[in-house]
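Please go over the structures that come below.
In what follows, subunit A forms one complex with subunit B and a second complex with subunit C.
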Partner chain A sequence: MSNANEQMAARYKNNFLKEIEEQAEMGEWVKMCMQCGVCSGSCPTNFHPGWDHPPQEIFMMIRAGKREEVLTSNSMWMCTSCYNCYVRCPRKLPITHIMHGIAEYAYRLGLAPKMQPTLHLSQTFWNNCTKTGRVNEVKLTQSLYFKDGFMAGIKKGLEMKDVALGLVKAKRLNIFEALGGGHKCKDIKGIQAMLAKAKELEAKRKAAKAVA
Partner chain B sequence: MARKEYAFYPGCSSQKGASASNYLTSVESMCKTLDIKITEIPDWNCCGASISYAESGELPRHVMNARNFALAESNLPGQDIVATCAACWLGARESKERLEHNSALMADTQEALKEAGLSIKAIPEIKHMVEVLIEDLGYDELKKPVKKPLDGMKFAGYVGCQTNRPFGIHGESFENPVYLDKLIETVGGEAVPYDQKVTCCGGALAFSEPDKAQAQIKDIIESAYDNGAEMLVTPCPLCQANTEVYQGQINKKYGTKFNMPVLYYSQLMVLAYGGTAKEAGLDGNVIRARKLEAFAAK
Partner chain C sequence: MAEKKHAAYICSGCGLGERLDIAALEAVAKKEGKMQVVKTHPFLCSAEGVAMIRADIDDEGVTHAALCACSRRAKTEAFNFPTTAISRGNLREGVIWVRPDTEEARETTQEMAEDYVRMACAEVKAMTQPAGNPNTGTNKTLLVVGGGMSGMTSALEASKAGYKVVLVEKTGALGGWAAKLYKRTPTREPFKAPEDNGVADLVAQIEADANIKVYLNSTIAKTAGAPGRFKVDIAMESGPTVTEDIGAIVQATGFNLYDANRLPHLGYGKTPHVVDQAGLEALAKAANGGVIKRADGKEVKSVVFVQCAGQRDPSGEHLPYCSGYCCNTSIKQAMYFKDANPDVDTVVLFTDLRTPGNGEDFYRSAQNKGVIFSKGVVSEVVPNGDACTVRFHDLILDDKDARIEADLVVLATGVVPNSGVNIDAVAAPAAEAAGSEEGAEAPAPVVEEKPISILNLTYRQGPDIPQFKWGFTDSHFICFPYETRRTAIYTAGPVRRPMDIAQAQEDATGAAMKAIQAMENAGLGKAAHPRAGDLSFPTARLEGCTQCKRCTVECPFGAIDEDEKRFPLFNESRCRRCGTCMGACPVRVISFENYSVNTVGAQIKAVNIPDEFSEKPRILILACENDAYPALDMAAMNRNEYSAFVRAIPVRCLGSVNTIWITDALNSGYDGVMLMGCKHGEEYQCHFVKGSELGRYRLSKVGDTLKNMNLETERVFDLEVAITDIDTLPRKINDYAAKIQEIGMSPFKGF
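The block that comes next holds the complex of A and B.
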């Protein structure tokens, strides 16, 4: 267990609901769930294999104090951000954002499943777009394909070659972006400084809640 | 002076050589015909999209959008922001809403913005291009420049998620929005009814969970075919790419024979306004829309 995880577990002891309310983005909404299950029935990925617990179950498990099971679950990482649950919830819970918030918290504590592909995508995307201020689609794709090593990346690349060739032919994939070309912001320095400050402020705010 | 002016937020995918560059081509041509002036927000940055949530955390995500607000406000005062990408629009709208409703978050945002020499006074309104078309101009105005109605062509209006939920287009239902069908009809096409209009294409999970996403895409294309559509039409760059570029892989996996072109609403409008295939960005379609290419050449 990571240090951050031990600290939080000790801080909140047996009150996992309070921990989620204070530490996870939008976590304060969890207690409003009335267990109707509309979110679970509205989720497009819930109907595919690979899910542990749809949102309604996750919310009840939080109230039941199943800390380890919730935070190590792959469930939150199945969200496509389609917002179907969000608009259908009869109690108007922002379910999409709650799921994102729990996922982000699990990741922050080091409890998210290792090599979870959607977590990896989230890391890769954010690092990609904040590096120059804009997404470099070619580098993004490369990092995603090569996440499991060089050979796996080549294999994935070959599987996807027809897709890539189609896009190159349609001038929708600029291979020069791989060499550092492509679009970027002018004030990269300002963006980096601004983000560093934002990160610092957010950490401070969350730490203040934990000692309150 | 143009009849409408906006601070334009094109987004990463519509850049030259990026996955939605043909969307931008068609939007520029469409706006010219409609006398809408769109001025790019100087040095705009990525919105972070939905998928950044785990790595970005809360404040950094909003700060990215806030930088665009500040740049728009100071360089293009008084203009609403218009985005063409569904995710850019959603991300920006979400940040606007959170910042306006949470003064602590706004204070932190201002402090972070200071590092880039920026600040916000009032966040501009944020619109999707579709809102500009149907709310600021209206269907009647959109119909006026039609020179070549798309008679006899059948389209499945694929609205998808992020222009529809959670904010949506004013007055539309989340379960059966009709604005895209109306846009298709405005330019003379036929909008076929089908049951996968608001089904998710998998979004970013087309990368990380391809089997799940492709199963959803299969349902969408299949339903469009079953209901007689010749082409799909969408307002979102990720919907467009996902439903178009994976058809080959879906065919291999499921033994289907999908080969359905996927267009942007703006491409249809340009063609109906008498524009060329190039102006409509038809050369950017991976699955070529042969029928529309022939139509444009007529």
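The block that comes next holds the complex of A and C.
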């Protein structure tokens, strides 16, 4: 993976803005930011610690060529997709989508922060959901709870037991799915073929960009 | 002159009849006002009421009429009798609308109304209907000084309106700065790309225009005379001096770029690879759409634009103000590079990107083309081998040691107006030196050290237009932007305030229209703004004059010169009728036919002063007719009540208030005097620019008079009033009335 990173770094040298424009989805919008800061002011996550840079700053860092700092940042992963910034941006930048685009690019280059909760959830959710076309809630919850070790998982599970029981009573959760299987969509093969085709198309597009 | 016949007309409409004892008012007008004719009408401003007055004027020989109805600011079209002297007793806005309709208030309200009737009668008897200034000139040719975008626009607009124009340009070609631009910022949809500078088109229009006479390589050697009859000597570089007869003048002398040599820390002068915006226009012109090359012939691959170079400087070392156009100019210049070669790195370093007009679209277009905008303050530009290093504080990322390398650095240096000689500095060098200790005065040395006069006016007050902040020519930027303190001389474009081409052209059009209005008014012997159309003018009883020169020095408009015997010589056409000379005159020899020490003095004396034990104080209000009096009227329209003890007299300006009025008022037993004038000083609101300031200065000495009379200093109260003080003004009046009651009644009653 770091190979891809070195390749890109070498290809764009100092022009990180151009790299983002060409490689990251929606990256072509970054140059249109006018640094008003409405996005940063609107971001609900900004009130929590652990968020390195608000969107406006990320965009400025891209222009200033701070490649390493941007791509290894946790900022894009902190986005909750609430779309406040997207709606409020006076320049009509699709900020939420830009943040996801940069996050995905960082992931592709292998620079995304390891064990970042959002990244972990995305990966787990995707793997879980694409297997049968439906989410196996028990397994998904398990893998999230036990991410940080066995004891932490037990503790978390006990914390949430009332919620789980409620879901079971309402028939929204089937504990036997812990054994495997679980509910699935009618045409698993069809779904998987569709996803494979989409993946193929995307890979082709990105490969073309990467080489061009 | 025909015999005088005085009449009073009392209106009982608008509720006056119900609230007031009209018969008593009639008796007052007849007995105390000594009016020969007294009539009441239930609806005086109706066609029938007006016809009644008209008939008396035409058939009965009424020459002076006191109309006791509404404010003098109301119903002016109905009560328009050009040959008759008219005074107005303000019974509606001045009395019934500011008093509660209660039984207890009835007596004081009636007293108030009776006093206003007395005052109107007294005033009209002291008035003469003005016939207009006989000393007029009817030249209708407009002189435009400066052949840049503003000047050319003024000339063309005046010509389109049917007036002859003389256009004088110092250099050998029309076009000014705009002609030096490769392209200008866009003026029309979609505001995305630079467009042709437009100079050639305007020059062609001027050359084809038979109304416009152009003098190139010429300057103004002398401007003598007055509006409507200026004699202007135009000195041509090679050739004779020509004299032109001129009606009004538009000065559109533009600006110079702030000298970049004063910015060595930004590398200017140290390396040829740092240029100012004009320098870049020259490079772009040479490239003419191709790749832009530096002076040494090397193709520019990276360029940095430094905004606010030597401007918006809080330290006082450089210009404190914004040029108003150079953000858009840098955007445009960055596009020169991007349009020729998209791979050129263009970075604009700004602190606040200001893109007036439709610049926002232009800014977006530049971002789309890949111009990078970074918010930062540049500390230094250092030559670095064949390139330059720009060191700056990145304000978004708070990186204090940010750097960019660039082949070329462009400085946006700001503007210095070409305003000619600062006549205030010449007149009072000592005052200037004293003022320069303050930080605010520090930019003064920035302006060219030895400016040469532009208009060479033969006015006593100096050869050029008085300047305002930072050397820009005086104007009131909100209410009357083009008015200077020299009647019929208007300034337009960047000499007036920093602006771009589009704004300058709009400005030039406005100034041309104002100049035409001034020429027309001058020909009719009428005043210009703000008393546009006023026919009165000041005259002096010279046998009483002591030659103290206060009037000639204080006139805010330079209207008064001195004759060879050192008496004041009035140039009526230059006069704005503010009356500052009248207020200044210590021997009270200056007056207008319908506004004089007498017309106001008679009103002051006409008020009935109840005795010391009546518990009815009397407070005189002298209110500026431009702001304070309308504010009082509007307060009345909103039924904001105030004390029944005040008697308000409108004055043309606080500057026209002669201290004798105050002494007279206090002597005759008034308990307090309120002066209401406009804000003065740097952020002045005075319609006569200096009037309220001069008035206040004069009245600041009134304390001595009060002391001599053994009176409390609070008995004279100076209040700054804006036209918007509709709600606060009645409150302030009431506070003052309460204070006067606290101090106690004046001991001067009944003498």
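Keep this in mind: the second predicted complex is superposed on the first by the 208 of 212 C-alpha atoms of A that agree within 3 Å, B and C clash if a C-alpha of one lies under 4 Å from a C-alpha of the other, contacts with A are read in each partner's own complex, and residues count from 1 in each chain.
Quick note on the criterion: contacts are C-beta pairs under 8 Å (C-beta built on N, C-alpha and C of every residue); 3 or more make two chains touch, one makes a residue touch a chain.
Bear in mind the structure is a predicted one, so any value in this text is a computation, not a measurement.
Partners subunit B and subunit C fit side by side in the overlay (superposition on subunit A).
When the shared chain is aligned, no partner comes close enough to touch A:114: not subunit B, not subunit C. Within the superposed three-chain model, A:17 lies in touch with subunit C and out of touch with subunit B [touch as defined at top]. Between subunit B and subunit C, an angle of 80 degrees opens at the CA centre of subunit A in the superposed model, to the nearest 10.
Once the two complexes are overlaid on the shared chain, A:144 sits against subunit B while remaining clear of subunit C. Of the two partner chains placed by superposition, only subunit B is touched by A:191; subunit C is not. Applying the stated contact rule after C-alpha superposition, one finds that A:63 touches subunit C and leaves subunit B untouched.
Contacts of A:34 after superposition on the shared chain: subunit C is touched, whereas subunit B is not. Taking subunit A as the reference chain, the count of touched residues is higher for B when subunit B and subunit C are set side by side. Within the superposed three-chain model, A:167 lies in touch with subunit B and out of touch with subunit C [touch as defined at top].
Following the chain A superposition, subunit B and subunit C show a smallest Cα-Cα distance of 20 angstrom. With the contact threshold set out at the top, not one residue of subunit A is in contact with subunit B in one structure and with subunit C in the other.
Note for the complex: subunit B touches subunit A at residues 12-13, 15-22, 43-46, 48-60, 63-64, 67, 104, 108-109, 111-118, 161-162, 165-166, 168, 174, 199-200, 202-205, 207-209, 211-213, 215-216, 245-246, 248-249, 283-286. For subunit C in complex with subunit A, the residues that touch the partner chain are 353, 363-364, 367-368, 370, 372-375, 394, 396-397, 399, 402. Contact residues of subunit A toward subunit C in the complex are 17, 31-32, 34-35, 56-57, 60-61, 63-64, 66, 91. Contact residues on subunit A toward subunit B in their complex (touch as defined above): 25, 44-45, 48, 50, 78, 80-84, 86-88, 94, 96, 100-101, 103-104, 107-108, 112, 117-123, 125-127, 129-130, 133-135, 137, 144, 162-163, 166-167, 169-174, 176-177, 182-183, 185-187, 190-191, 193-199, 201-202, 205.
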